[in-house]
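In what follows, structures are represented as structure tokens.
Both of the next two complexes hold chain A, though its partner changes from chain B to chain C.
Presenting the complex of A and B:
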């Protein structure tokens, strides 16, 4: 039986390895090869240029601006998603009439396709007849230049991202909250701990494994997030919301610079890998024995 | 199940084995069938239902007449090149494809992926600046000029006793005068300003009217010369004032929004091609006889311009290339006009014989808007009207202007002016740097 179990384990490992090789390692390897070549398009005859694309890209202001934009976008989005998701989850963890309905509604934005959320957000904030614009005008506020100014455009993109993905954090944290033994809170109450003390000394430490994974996943997803920004601003105005994935796409697919685009994508991959490794060092998933 | 209880007849295993064998042998006669039915793969990038229908009707007729099946795949215009390249990389290139960007034709032709159709193109006379020969060969059979001009509300002009503007100053004055406040707020002018194709196509006609060029005949970036810098800075000053008559949110605006804003009576002046008239007929018929058309004026009234565009078909370098050329020749005789009728006012014929063709003129919308069609034709004939675009500037098809187009150098110059309030000279300087960076790669 032992040998049969081994065979099953090896079969699953082989399947996983095959998928990883086919859909991760080969594309990454291909991108790295492309980044060492100069080509106008994917059908052009490429010319090997070594690290020249990297030197060129790293010397451009656009690359560093895009890297900065990516960090600002993902950083702000994650902080807001985690704070709001934690708050919503704590509210939804309490018993109140209509709790199930509210839990369902809270998840709703996450169930919508990104393109629907982006178009809805655009319509709601349309400068002329968007419902948010009109309501704010009725209140004597605005007009708000949602996508007109570099700073507000970044804020708008972050806002849309928070709206879309906070439910994911809410669901994960809610699941974590339900796994915390009530006896811990009761013991704390007996010891005279107030609400904040209970949150700080019981809830947060108990949620640490969940939050560690949630922040990690959201960080990876937000740093690589392409669709919502592309749909809302295409990286504009004036490159204010252009981060590394958008820069790579533009270079490779529309600006006749496949090698440059691949170099940006590879550098983006390396930056993210370094950040993830740093994160694991700061917040190890396993407690030190 | 024990042996004693097994039922006689066809069991599950027999059924599966038989089915598998049948499926395996079913493929044997297929090569013979394939050998009889020849097939052309056509990539269409006009997703409108009437355009797709026109192509399908032609394909069905061709199959009946010539025993060649024409399979039509349809994608949005912006995805056509990516699909063409993917098909080539995947080993199943399209025999005929639609392309909407001159640089894409150039790239494919330079890589030997296209079949020249010079003889076919030379059968007809074409309008100015619509053929793009590459090394002396024609690769692109055009079906749409895609010129862009200005529409204005003639009824409001009549009401306010305004004359169609001949200069920037007059256009600015008219835009200001036609604005209204309150519940029915109306803006004088609308045009996109985002980093997108719409801005490149719709928002710089005034600059061309001023005879600004990007490149000279030796591919020198003459946009950088003092004369072009001065003209462009003056245009930015004008645009900055005109922007004050425009609705908010124009960085997000693209083709469809401009149609909607004009049709919703939100703006009095708007750029577009004949699609605007079709849109008014469908969505705002009360305005379908209240629009006027004019080219983009210059600063002095001496010249005017329309922005350039183009859409056309190419023939791939495939085993079916000869048949594809035969199909295109047959189509261009028998069904070209039917296809143009699928967007009768928007698809402005680049082939000059079409304007005199009674079949084309017989379309109800072309008959109804005969005056508009006359104006559109006039854009091609008037020597004082400049036809220009970023991506076709220069002496021949080349990647350099296309790179400037895709780097959004001009839209970002506009944004620096109206969103950041930068001095016009500084905006031009940034645009020059952006252009230089784009063409350096």
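Presenting the complex of A and C:
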């Protein structure tokens, strides 16, 4: 009985390991190898150049600007998503007529394909016939250069990202809120805590495990997020929304600098790893017993 | 410290009336137990006193203050919850201190009160721990301590022992009684357990379907239950209740036995009227040769140690009797029982109200 169980356990472990090696470790390893080579396309014969690609990339202003843009983009969109998601979840957690319907609607943006959202966003903000532009003009406002100026372009991609992914935070926080025993709030009310004190002393600490995971996931996803920015701005104007994933992509696929692109991707991976480790140090997932 | 007065307090959820015109005076320093089966409205009544539920009608006063419309924090009461409701992320010390900090007590006073409450409850050694590192009994003490530090005008306890195992329950019950003697603050205690009600209460308020059935000292409810419900709810094992009628004499017949009706003490209806006869199991004894006999076969025997509980089938009527230990009693044996004199209860066959003369 016992040996048969052992056999099953090993079989499952081996299957999981094989998949991880084939689809995660090998591609990552391949990318790292590419970053140590020089090649002007994926089919040409690569030449080993050591760390030359890294030295070149790190010496470029474009790399540091992309790294900064990535931090601004992911930082802003995470903060807004978490704050709005927390607020929406607290509203949706209260009983009101039509609560179920509104809860369903609140999730909707998360279910839409990114490409649909990006195209719709562009149509709505189109400079001549977009509905937002027209409505603003009726009110005597605008036109707003959504994607034409560096500062507004960054704000616009952040806005679209927040609209699209805040529901993820809302759902997770709502689930977390529903797990908080009502008697804690009642005890606090009898103890003399007002609405803000109850939020600060009960809701936030009780949501901490959920928020820790949600912020981590959102941080990883937003830092690596490629599609929404590519679809909206392709990194422009003047590189204002170009972050490391877009820089890596452009290097490898538009400028045929495969080694440079791989080096950017690897550096991006290292930066994110460092940030995640720092995060775990600051916010351990499990409180020490 | 203060008295608590409920005046025709009701609570409705839509069409459902959960508490129906409850009026109750709880004296300053009194230990009042609200007891009844689940859904009887006892917890809702307590929560209305706390301010966690708004009353639909009526008024609630604590001392001289009308608190009917006040927020819980402005009522100066403390509450102990069934599941303890300790703040999980705060240490025991912070759990105790929270109510004081919310009321802006200075640091030295918080420290002094927390230490004193911890000493009273024997939890000084636990102050640095988190709730999840505590046993059920310890959590219950912390919950009591959190109420104690506040030095409120009244303590409200909602089934505080029901999550504890049997041994801890008895021990904590004694501690709550001791605590009440020491601090002398009014306590309102909700339970479905009649033993807790009997042992803790200065007075007991028995409730059913949102209405008060009887209020009085525990033994008054035991000796003179106001109706069939209180008669059955208070006392263990449960009182035998037999549907019968008054026969000329006047007598009542049960299981072939003819019991003369006491000449005084009851206001009984005329012959032919339906009544409910009540006899507590502990008030049945083996019949002697003379006098009335309720004869039948033993259907069940439970040996409790000092006493033996038997179930008797007397011509189709089931009775329970709590007798002195008798190892010879066995299922299938025939036996004759007789009620102890002066221990019969009579209730109206329709309304269930006691027919005893008050």
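As a convention for this text, the second predicted complex is superposed on the first by the 287 of 289 C-alpha atoms of A that agree within 3 Å, B and C clash if a C-alpha of one lies under 4 Å from a C-alpha of the other, contacts with A are read in each partner's own complex, and residues count from 1 in each chain.
Here is the rule we go by: a contact is a pair of C-beta atoms (placed from the backbone, for glycine too) under 8 Å apart; a residue touches a chain by one contact, two chains touch by 3 or more.
These numbers come from a predicted model, not from an experiment.
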| item | value |
| --- | --- |
| Fit or clash between chain C and chain B when superposed on chain A | fit |
| Which superposed partner A:260 touches (first chain B, second chain C, both, neither) | first |
| Chain A residues touched - chain C or chain B, whichever exceeds | B |
| First, second, both or neither for A:87, with chain B first and chain C second | neither |
| Touched partner set for A:184, first chain B, second chain C, both or neither | second |
| Chain C, chain A and chain B - angle at the middle CA centre, rounded to the nearest 10 degrees | 150 |
| Chain B versus chain C as contact partner of A:75, first or second or both or neither | neither |
| Partner chain in contact with A:205 - chain B first, chain C second, else both or neither | second |
| Partner chain(s) touched by A:46 [first = chain B, second = chain C, both, neither] | neither |
| Closest approach of chain C to chain B (Cα atoms, Å) | 47 |
| Contacts on chain A seen with chain B and repeated with chain C across the two complexes | none |
| Partner chain B, residues of chain A touching it in the complex | 40-45, 56, 60, 122, 126-128, 130, 143, 145-150, 153, 233-239, 250, 253-257, 260 |
| Chain C contact footprint on chain A (complex, rising order) | 181, 183-184, 186-194, 197, 201-202, 205-206, 208, 289 |
| Chain A-touching residues of chain B, taken from the complex the two chains share | 82, 85, 88-89, 103, 107-108, 110-111, 113, 194-196, 247-252, 261, 266, 399, 402-403, 406-408, 412, 415-416, 419-420, 437-438, 441 |
| Contact footprint of chain A on chain C as seen in their complex | 50-52, 71-73, 77-79, 81-83, 85-90, 98-99, 102-103, 133, 146, 150 |
